[in-house]
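Next come two complexes, and both contain chain A; in the first it sits with chain B, in the second with chain C.
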Partner chain A sequence: MKKLQKTWEEIMKVVFFLCGMVAIVMVVLIAGYVTIAGLPAIIEIGPIEFLFGTVWNSTAKEPEFGILPFILTSIWGTVGALIIGVPVGILTALFLSKIASPRVAGILRPAVELMAAVPSVIYGLAGMMVLVPFLMNLFGLKSGTCLLAAMLVLSMMVLPTIISVSETALNAVPEEYEQASLALGATKIETIFKVSLPAAKSGIAAGVVLGIGRAVGETMAVMMVAGNVANMPGLFKSVTFLTTAVAKEMSYASGLQREALFSIALVLLVFIMIINGVLNFIVKRKDG
Partner chain B sequence: MGERMEKTYQWKRRAGIVILQGLVWASAIATMLLVLSLIAYIMVKGLPHISWEFLSSTPSVLKKTMGILPNILNTLYLVLFSLVFSLPLGVGAAVYLTEYATGRRLVRVVEFAVETLAGIPSVIYGLAGMLLFSQMLGFKTSLLSGGCTMVIMILPTIIRTTQEALRTVPQACREGALGLGAPKWYMIRTVVLPSCRAGILTGCILSVGRIVGESAALLFTAGVGTVIADNILEAFSKSGGTLSVALYMYVNERGEFEVGFAIAAVLMILVLLINGLAKLTANLGKKK
Partner chain C sequence: MRKAKKVIGIMAASAMIAALLAGCGGSTSSSSSTGPSTQQSGSQSSSEGVAEGGSVSGTVSMGGSTSVEEVIAALSEAFMAENPDVDLTYEPSGSGAGITGATEGTLDIGLSSRSLKESETGVSETVFALDGIAVIVNNENGVTDLTLEQIKGLANGTITNWKEVGGADAPVVFVGREAGSGTRDGFESIVGVEDECVYEQEHNSTGAVIAAVSANPNAFGYASLSALEDTVKAVTVGGVECSEATVQDGTYKIQRPFVFITNDSNQPSEAASAFMEFATSEAVADLIAEAGAVPPVK
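Showing the complex of A and B:
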């Protein structure tokens, strides 16, 4: 009996260790596979032409595979999302953490959580049916599917991430800081902006970086509102993001075109890894 | 002169306070309005198209019926499959990290891997899943491939929530059990794990939400099939689209917006339910 139990103990120790290693194995597998699948086309096309080529015409007789338009669109789309998402997100987090009464916060906070849980296709659908026609009428465009529409949809999608991470950071600011500021005669709002906000800045930065990750990785919502033409970015132009470039052609691509799509995924993965690295750096520095 | 400067300063200060306060309130109200109008819009547009027939039939050109039963079933199968495999793996990994692991460095590497998994965009999960499960392991485009992809995708959610729950178990409980002579696995099984049931449940519910809302990763792995299989085994060997994927297909590929809105409303109700449940179980965990 005792012996049996001892063996079980040993077995479970190994089982738990293996479970712990699964995450590492998965990351290595995914990164490895995407790299193996993505590198050949980059080498065949030439890294410079691939990364800095401005024309993507994968189905032409003499196909061209330049993904600079996708890279720039992804960057601009993310920047646009942040221009709206960051201020609104941080201010809402300030409201939730420092101003709202428990009852008001008790309504707004679940709403923010819900926003994070809404599937991206629903954001896409709403953007497609409301935002796109609205932009078309407002600016007299031929088609409302454009970079601006994608930016607006993305800004909505990064909001919950920025709000909840920033709120956690703001809640962690020691109360003594704020009390000291209030005691010196600063008003509540002055204290919030000049004491609480700077004290929580690394946490808020982490939220923003997480938001960047979400915006860069978003696919379906963007696919439904951005128009998906491989143009260089312009606010009112139909554009393709890195993510949508992969998703759009994957179902029918073959040969070099298909391999080039894997290469785009590899570029996307590199972007995400950099963002993750930055996030890790911010969080570590805060802890240390 | 000095008095006038003092006055302008005071005036400016007050104006600044009012403006900042206005901005904070405006942002909070805007966020709330965005969420409410999104829900209201989807419900108003979608609910009228939902009927029992819509929920309980298959799409068929011959019978002229339009229904989402296959998509509902596919979603259900996928959720069950992913949880069955991801739950033990994720909980095991969390147990390893908090109870067994001794090396700080290894824990840090695993945690970084978990973070990375959480940050990888779903479109890359889709590609990796397609390469790994559909092609290399020969699962083809099937619910099985999609399920395996989902297992990896929800792993970080389950690991994180379980880890958080494990951390709330008082150290004294562990020491008490060990002190009474219980071996480690016995202690974990009878003392630690039972007291973080609520936390693990929350992780499961959040994962369900993630699977229900996922589309990009499933498009290339599980496909878009809408045929009801005779039994579960057959269902997993065939391509099957979930509700979110179906929404995308109906709206973006076929332009059937009424069906799209109806599915969106169904999804929205699901998300509301899932979020409510998650909140409930999270509170349950806190009360203990």
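Showing the complex of A and C:
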């Protein structure tokens, strides 16, 4: 009986181990595959021409494979999303954590959770049907699909991540800090901005970095509102992100064009790895 | 990754066939001839015709134009269903590669979405389908007719305002497909604007192009004839409306043929000729139409 139990324990240990290995194996497989598939084209095109070339014309008679427009667009798009998303997100988290009455928070919190669960294609659809025509009329553009539209859609998509992670961090601030501040005569708002916020800053930073990851990796919603022409970024110009550059041309690509798309995927993967590295650094520093 | 693409092609084709069979409402087994639908009886007779010449078997390697992929996938699936011993493969690599492959003998059949040039000798072509590309504008756009020259100007950015071609005083927004798309390649090569188009939006499906044109009053774009909807307006080109009939009689200019390229010195294998015979028979007209192309007049 006891022996049977011991065998069972051993078997379950192996099962747990194997389940844990799935994640590692998948990450290694994906990174390995994208590297193997993406490197040849980078070498063939030349790393400098590939990363810093400003013209992407993959099916021309003399094709050009410069992805600088995509890289810059991804960076600008993410920065734009953060400029709108971070202040709104942090203030919402502060409101939820410190100010809102339980009844208001009980409505707001599920709404934020729902926002996180809305599929990206729905954000894209709303952007395409409402935001794009709105921008077109507001700024008198000939076509509303532009970097600004993508920034606005992305800012909505990073909000739930920033809000929920920041709120968790704010809730974890020891109550004594705030009570001490209030006891010293600080007002509620002063306490929030000068005590709670600094105390939760590494958790909030983690939320922002997670939001960056979401914005950099978003494809579907961006593809529906950004216009997808390989222009250098401009607020009112039709632009292509790293993600949409891959998704857009993959279905009928062949030869070097196809390999170059894998190379873009590799660049994107490196971007995401850097972002995750930063995230790990922030989280570790908080613990240490 | 090529294999993955092929698998997707086969899946798409089988889905198409499934739809087709469901539409016919019966099995294609040659013993029962009570099926009322013409499609069914048509494909039956062709299958019997092939069977009479002895059981066809072997591998046929095909390759070439990416535009014909869907049509070839549908035709291959139907042919292989009737001739289970034949294995048809398709490698989408571009019309040029298809013609080269047939010339050099590396492909049994090359597929091209353009006719042979005079310089391309030693091979001959067989048209099995036509592709009409409609020029579409927003329903609010007052322009109803454009010449090829005007379309060229609109596409390459020399005409930037609709009033230059008889429309309202509004900017031109050119919406098109992504690089690598067969429709884009077809439009650009027929209109003569290869590598010089000034796109304002690029989408990776015809549906998205149509949606974008229907959403923007300034927009114009192109779409395969088979995908046209009421949400956008197809202009007449040089006074000719884009329809199956005008594509077939050749009066509508923005069209191109889908052709089989075969080597003149090496006779194609039995299986290859059986497939070409099948693909050019009248029985597959519905199949070709379903796959988004126009069957040629017989």
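Just so we're on the same page, the second predicted complex is superposed on the first by the 279 of 288 C-alpha atoms of A that agree within 3 Å, B and C clash if a C-alpha of one lies under 4 Å from a C-alpha of the other, contacts with A are read in each partner's own complex, and residues count from 1 in each chain.
The working rule: contacts are C-beta pairs under 8 Å (C-beta built on N, C-alpha and C of every residue); 3 or more make two chains touch, one makes a residue touch a chain.
Because the structure is a prediction, the values reported are computed rather than measured.
In the superposed model, A:257 makes contact with chain C only, not with chain B. Set side by side, chain B and chain C differ in how many residues of chain A they touch, and the one touching more is B.
Within the superposed three-chain model, A:143 lies in touch with chain C and out of touch with chain B [touch as defined at top]. By the touch criterion defined above, A:239 reaches neither chain B nor chain C. Looking at the shared chain after the overlay, A:216 reaches chain B, while chain C stays out of its contact range. By the touch criterion stated above, A:206 is placed in contact with neither chain B nor chain C. In the superposition on chain A, A:227 contacts chain C only, with no contact to chain B. In the superposed pair of complexes, A:189 makes contact with chain B only, with no contact to chain C.
With both structures placed on the common chain, the touch criterion links A:248 to chain C but leaves chain B unconnected. Shared-chain residue A:59: touches chain C; no touch with chain B. Residues common to the contacts of chain A with chain B and with chain C across the two structures: 37, 128-129, 223, 247, 251. Against chain A, in their complex, chain C makes its touches with residues 1, 66, 92-94, 170-173, 178-182, 185, 194-195, 199-204, 211-212, 215-216, 218-219. By the touch criterion given at the top, residues 5-6, 8-9, 12-13, 15-24, 26-27, 29-30, 33-34, 37, 87-89, 91-92, 94-96, 99-100, 107-108, 110-115, 117-122, 124-126, 128-130, 156, 159, 163, 187, 189-190, 192-193, 210, 213, 216-220, 223-224, 243, 246-247, 250-251, 262, 265, 268-269, 272-273, 275-276, 279-280 of chain A touch chain B in their complex. The touching residues of chain A, counted against chain C in their complex, run 37, 57-61, 128-129, 132-133, 136, 142-145, 223, 227-229, 238, 240, 247-249, 251-255, 257-258.
Interface of chain B with chain A (complex): residues 13, 17, 20-21, 23-28, 30-32, 34-36, 38-39, 41-42, 45, 88-93, 95-97, 99-101, 109-110, 112-117, 119-128, 130-132, 152, 155-156, 159, 183-186, 209, 212-216, 219-220, 244, 247-248, 251-252, 257, 260-261, 264, 267-268, 271-272, 274-275, 279.
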